[in-house]
């Protein structure tokens, strides 16, 4: 998937209604599916997004459509997880965000990737 | 929902019978429902309110009626959670309050929002 | 319930047989019932009393009769919990005591109150 | 098993798509089997590999084939665990890697071996 | 609710794609809510519909909208359950249909209603 | 409790909205309490009422008030269970009714009583 | 234990308040204790009594005292279970009665005895 | 999906190695996904196939590819379940086959379809 | 183990105190151990004995000693289970007896043997 | 695998020590592994053998070695299950035998095969 094909533009945001307050939102997406670039077989996983929004929040229906856009995309676990991470951070510029991707077994082997981001000035 | 339509006035309080003592009350409301402003579909969730009252306590039947007033109101999760937070804090001015809102899945995606408030001079 | 009507005198104690040692006693009372002062309807709850006795211990049969005396008394959750707390502390003067009151749902909403007491010189 | 017979060359890698970011990948392999060098009987176990990749990632299908190459190899638990550790570290040169090997019971006794590696300059 | 106000017309059907075969479909709707005609308070429940379609099937999105139409309707449990039963039977004329309605507690009391229908000539 | 003191009159009914159909309603009442006639101590229990209504249904709020009327009444388990059975049958004249009363332990001993009624012509 | 020492006389009954109706009462007694006649060690068990009373019911406090009278009695499991069975049947002459005695482990071995009685003319 | 587009041809079989014996094979496929023809949104479900093969067995890798061919196909639950049923029966002509399809929630509503087939002369 | 070495004589009985009544006794022995005759390794298992005694009962302490006598005896599962069965039947001549022996895994394989006996004239 | 390569000869038996009695033995083998003939990948499964021996019993250590002989054998699930079935039946000629083979997921799909055998004259 080239950057030009990035579905980042599908992610819509709305103004954080309470930007003066730190609050945490956790979103669980158990129906993520993409395609293995090596075998062409579909992969399945659960994405768990936890973040403290800053000036904007991601809109949930657009998140659903954004994640569905990976349905027929071929990408390694490491690539797709970090790409989604990049898109979420780029679009919402959050104070803090963690993405955890739990993939179902393939060949008797299962994998989970966890990545997190702190905005400068928001480290714990 | 404009501020003028706020159901905050539905929240009744009574004098904290033991204001000289810090104690914690946790209230679980599993029947919260409002309406998605984007789709017009009903949303459902469980609200968990935990607080240390200061001079007043919220009255439970008025809390029930207050929460029921959201039944046909359209609001994003982030908005409705913070609005209820604001109303609970404004009306009870508690020493500490945490609100956790767990929403049921929509489009295969579920969200939980957690927000907390410390009165000045009551930080841990 | 005026202070004059307090059932505190029902609570009997006996000499702590091992006052030189800190030990913890937890007592679970799942059959507490009183009356809602607003609706006249009965309330039900479980009280969990945990304490480190000092010079005296409360006697369990007297505790049962003491709690039964609330059967037809009207009081808010916050009031009745703190009143029982006060009575237990006044009568046993414990080194530490925690009272947790878990009330059954009313109008789809359930509440739990937790309050604790440290005798001066017994803080953790 | 002599070093010459090492299946290390089966492990393939690909370029870490996000080398500028520390992220954690956990891979669970519940179908590991080798042979006890003393009895000639098969051993069974679960391998859990957790690592922060540096410049390369191990490719999962090659990991599966690499682990399958132990199917008819005779080696003690301690030997096989450390040998796999060595191969994973040699091939991926990770910032951090932990290998946990949980073997099924033999003669009513079960064993688990855990070993970890920090690249110089990546200690916590 | 008069018959004229019945939301029956919201229920859409489509031609059973396999009418020559008996098959069973079970649909679970955990977000049903209506209003108590006596107290004006909202009721909540889970509806479980199990049926063998004959010539038509109910369409699931229309079922959702049909059930949502009860959101602000006042009706006793017995009435609303049988009314939904009547509508489902009238619209789909199924070979067999069972409706189970599990309502959440009110005043410390919870209720479940079960009703079933066999088309003439389809008794077990 | 003499028959004259019977709270039977508290039980209100409403016309069965669907008398032409056999359906089953199960009602669970976990907050029943009465008084032991021998010791004067409160008893607690859960009542489970299952019935097929005929021409009338019992109204749930009146059932709650009816059951609350036993709060300070002294009666043996066998007596109170059968008395409630008689009242439910007398007031609703159901096609079938089963009452199960599960009492909490007293003196380390717990009891459950089950009784059922078939209207003539409705035996299984 | 000779028959003369039998504690049968401790069992009190009261008139069945509803002799015209078959109903089932199950009583669970988890604190039964007696003494092993061979080792002098205490035995512990749970007795479960299920019966359909005829003209009289056993009174629960007298049952508790009756069972407590075995505290220092030496008797084999088989003996004590059947003796209690005989006493319950002799005193209440029930339509049906089942006694299940579950004894806790001794020397790593646990036992359960089940015995039942049908009054002539009450067989299933 | 017209019959011409049917992926039935993807299903490969091999000769039943033991046709003289009745045996049962149950296959669980938790990663089925297709598309809702009304909303264009992806559906997810688990298929459970249980059958007694006659002269041929379905080959599992071809079953996987066959089911994956529904990934971008729009079809109602009832249609897709019966279509898969038809394909499995047509290709394997089994002595008996049951298909159970459990779909994940959509709009807060979840559905399960069960269908079975007996070859003439193989009824139970 | 020759018949001459049989520990049958360790099994003591006592007169059934209630021979006129059919009652069931279930005895669970989770600490049985013997030796594998092939490998010399210890075997472990749980024996569950259920029986209706006739004229005599086995005495539990003697059962324990009897079972302990197998501690250093080498015997196959099938042999030891049936031998114990024979001994129990020979010594108590019961109306009915079932023995279930659940052995713990050996070489990754676990076994359970169940055998039962009906005295002539006591078949179900 | 040709019949000539059959590991049947590895299965050893010993004389049934109690051929005059019907008894049931269940043996669970959770560490079965073979190779997929199509992909060359290892398969893993649990075999559950339940049988009533006639004149001979299979010896458990030989069963383990027999099952281990499939470690590098390529065979479809249906083939390997029925082949083991045939071998067990041929070698032990049991009164009754059931084999259940539960295979771990491959490509997100898992399978279980169940087959049983009754000796002529031993049908239920």
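When the chains are written out, they are named A, B, C, D, E, F, G, H, I and J in that same order, and each has its own residue count from 1.
Here is the rule we use: a residue touches a chain if its C-beta (ideal position, glycine included) is under 8 Å from a C-beta of that chain, and two chains touch if they have at least 3 such contacts.
In UniProt terms the chains read A, B, C, D, E, F, G, H, I, J = NADPH-dependent 7-cyano-7-deazaguanine reductase.
All values derive from a computational prediction rather than experimental measurement.
The chains in contact with subunit C and with subunit I alike: there are none.
With contact taken as defined at the outset, subunit C and subunit G are each touched by F. The most distant chain from subunit F is D, comparing centres defined as mean Cα coordinates.
Interface subunit E/subunit H: under half of the residue numbers present appear on both copies, so the contact uses mostly different residues.
With centres set at the average Cα position, the gap from subunit E to subunit J is 49 Å.
One finds 33 Å separating the Cα centroids of subunit D and subunit J.
We define each chain's centre as the mean of its Cα atoms; on that basis subunit B and subunit I are separated by 64 Å.
Those residues of subunit I in touch with two or more other chains are numbered 105, 107-108. By the definition of touch given earlier, these chain pairs are in contact: A-B, A-D, A-H, A-J, B-C, B-E, B-H, C-E, C-F, D-I, D-J, E-F, E-H, F-G, G-I, H-J, I-J. For subunit D in complex with subunit A, the touching residues are 14, 16-18, 21-31, 53, 57, 59-61, 63-64.
Note for the complex: subunit I touches subunit D at residues 41, 44, 104-105, 107-108. Only residues 38-39, 76-79, 81-83, 85, 106-115 of subunit A touch subunit D when the two sit together in their complex.
Subunit B makes touch with subunit E in their complex at residues 30-31, 33, 41-42, 44, 68, 71-72, 104.
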